[in-house]
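Reviewing the structure listed below.
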């Protein structure tokens, strides 16, 4: 019978921080504040640490574990998946990341015409021995109108689609919808999927009356997050696909909180 | 000695339209109207047809042929490369595609501050027996300001970065710079890499005074191209990264000219 | 009251081939041979033609139309959506494209361990006056093992992940699962999401015993498609992420059938 | 005269970690061990910090600064650019990142046929008050052959293209070519752009004789880096585009050295 190569001693007994799978697409169902749950498709990464004495990881087990938990994926479900990963791999640390489109029904501001806006949601769970850590994130499209352009110009002001990327660590439950509202509340105007004539007038004028730099956007969101006692760490990024340039304007504020797992890559 | 598998008879004697390599990155030098030439890096595809009697193609020869022509890549150079491909592969048809960043120095409208704007250039050459065909293309970032939003709103108007993608077939030499000028001339305003305060005022007001739908943009460029006797076929696309939506607005006009090589994928 | 700018006369009375929206993400439900239906998320494009006399299109209507048909999206549903687009926009031609991840449960060859494999499915529907046209497509990951490398080498043979992209036009219903089976049947081996030790042995040996060039893959699929009386046109592409190069090997066969709508970009 | 909006007081006096531009494409010239220098095209990001008292940054100055240093971009040039950024923006911290294709001529192992292999190079420079920090990185395509598949199977072994991403902090000069050699030395076999028949035999057999998990790859490189006294911090990632799956295998080792600038995003 063939040897189990993964259980061999490696040439170099160096511990590996994370080993596992990336780029796995997987159908999931997540909590939805309005409708109970929502079906979507995630890009999944799953990693464990590997001690210096073991050569390899049995990669097929990651997908098997995920299969065993198929169905609702929520904050509560991430921890049992991570615990199962720790057990199956006999690992100290387990990591699970999911990025997926998330849809919210949004009504146009005047006509109340309804449409689905798509956001990019991010779940990052880690379990280090007994310490569970969870980061919730979302990427929110917004309209930003340049305060400088408005001030300088006799009429008009350049504006564009921008994206806010928001990640928070919290001790208590937070809805994706809350993060989305905070991001949209800091914009010159929110974006919509359906806007009729009266709505287009409304959002155009709203944006003109609320000019925002990327600097303004990340500050307003940080101010809001700093006041929420549930949130112990956050990072806020804003990036404008500038309408007058072929490059982007960008700003980031990161709250230096009690870092836990030295996430170098999120 | 090992058999030459590629020369075997295939299981199914079906001719193959195109076989070759894709995604090869390659440093090239191209003609530049202002500076004589310009160094850049291309994504290269090279294909030949394969008759039903031959099982395979010797893929390494594509890169060897390209190596043999290293240096200036121009309209004139594409044809000899294609002829060499025909000979080496004993093929009826040869195809060569290159997509690469191309930079033009552009001065801001008021302060004349200088900066490099990056465009995406496209070369597509084909040789079918003795018939040489060349398509020149470019992707140009522009500003578009919505005529409807301007008309409806008491102040301001939504605008955004858009991209014009332009491809032409012509009997005579055309500069990339000419295509770029036509695309920018149909925009609400061109984009720049450096804009000082007085320039930002100027382009903001220029865009407000020249509202353009994607429909307006592709029509204005088509009108211009239709009057150029050098151009026998063209396709013009405009796509707006709408500032009020998370999806894009898009329009395309294609002149139905004397199609030659049934390019299904460009 | 503000003018309806879109109904104005354009500066240039040039008809526009396609105008509409791109990059709209939308949750859909599609037919699934095993489970009845499947929830997924599509990238949607919707276009109509625009006559020379009208300046613009009311873009918000595309999303409204899609909202009206929310639910099951199948071959049958595409045509009513397209008819509704024709009516609402008073258009001669309507186009709808959807690209979405599609999952099939697949059992490992020896242990029968189950896992979900993700494919990229493509729906392209067009309605030109009364003529309905539908293209079904899918992108299938496969394993390919190089016949030349096997022949030349004393042991081993380079192999890699490749992708088959398959599009067909047919008069009758065809399952996505059928296209997937044909693509996988032409590979050195299919790919799986879960493979245990005995399975990995099996697929490794299967691939070694079935070496395939990209040329072999597209020919075998074309042979199969040519024998299916339901299929009136097809295009088959194979692309290998070569393990010994940083560029890809590529082949394409397109059956020159009765072209209908001059799709320039698919 | 219009106000300088950027100099206003912001609504929330929160310092911003980084503000600036992203996604700027720029032609650069870098040091090349064989040929003195090499022309290429970079994706550039430039950021400074912004104190709580200032509302905004004058974004056009980033591009102007870069224009002023046009020409050779090397380790030595990054620091003066960063100093200039500090001065112009009156900032405490300045950051500059460049990612660009980098080509090395590589000869096939048997026939010595020559070809250019493309790598993705990364420069990350930071200046925090007087402390200059530089990270050098590169992404290297390699061949990996699965030890488990080889052990289990009677013949053959699955293999694939993988990518090593390597970043180092060092006190002294290191060539990109050194990092590339270390990455390729840990692979089952290096990749090439031109391989003739005798070469393909050689690399196929070499890979079969040197099976490597992603775990083996990151350990071998870490072992090598740990012995180089110039290097004070490193991170090594390996990712396989598995030929038997549609997802990737991944491993990372990060040396926990004296962190300097809390880079959260690299």
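By written order: A, B, C and D. Residues from 1 in each chain.
By our rule, a residue touches a chain if its C-beta (ideal position, glycine included) is under 8 Å from a C-beta of that chain, and two chains touch if they have at least 3 such contacts.
Model, not experiment: these values are computed from the prediction.
Novice: Of the pairs B-D and A-D, which shows more C-beta pairs in contact?
Specialist: A-D
Novice: Starting from the Cα centroid of subunit B, hunt down the chain whose centroid lies farthest away.
Specialist: In terms of C-alpha centroids, the chain at the greatest distance from subunit B is A.
Novice: What is the distance, in whole Å, between the centres of subunit A and subunit D, each centre taken as the mean of its C-alpha atoms?
Specialist: Measuring from centre to centre gives 24 Å for this pair.
Novice: Roughly how far is subunit A from subunit B, centre to centre by C-alpha average, rounded to an integer in Å?
Specialist: The computed centroid separation for subunit A versus subunit B comes out at 35 Å.
Novice: Would you mind pulling out the distance in Å between where the CA atoms of subunit B average out and where those of subunit D do?
Specialist: 29
Novice: Could you check subunit D for residues that touch two or more other chains and list them?
Specialist: In subunit D, 2, 24-25, 63, 118, 148, 152, 193, 195, 197, 201, 246-247 touch at least two other chains.
Novice: Along subunit A, where are the residues that touch subunit C in the complex?
Specialist: 2, 4, 24-27, 38-41, 60, 63-64, 67, 101, 103, 113-116, 118, 193-197, 201
Novice: Over in the complex, which subunit B residues touch subunit C? Could you list them?
Specialist: Answer in residue numbers: 2-3, 5-6, 10-12, 14-25, 45, 47, 50, 55-57, 59, 63, 147-148, 151-152, 213-216, 218-220, 222-223, 235, 239, 246-254, 256, 262, 264-266.
Novice: Can you list the subunit A residues touching subunit B in their complex?
Specialist: 117-118, 141, 143, 145-146, 148-150, 152-161, 189, 191-193, 195, 197-198, 200-201, 203-205, 207-208, 241-247
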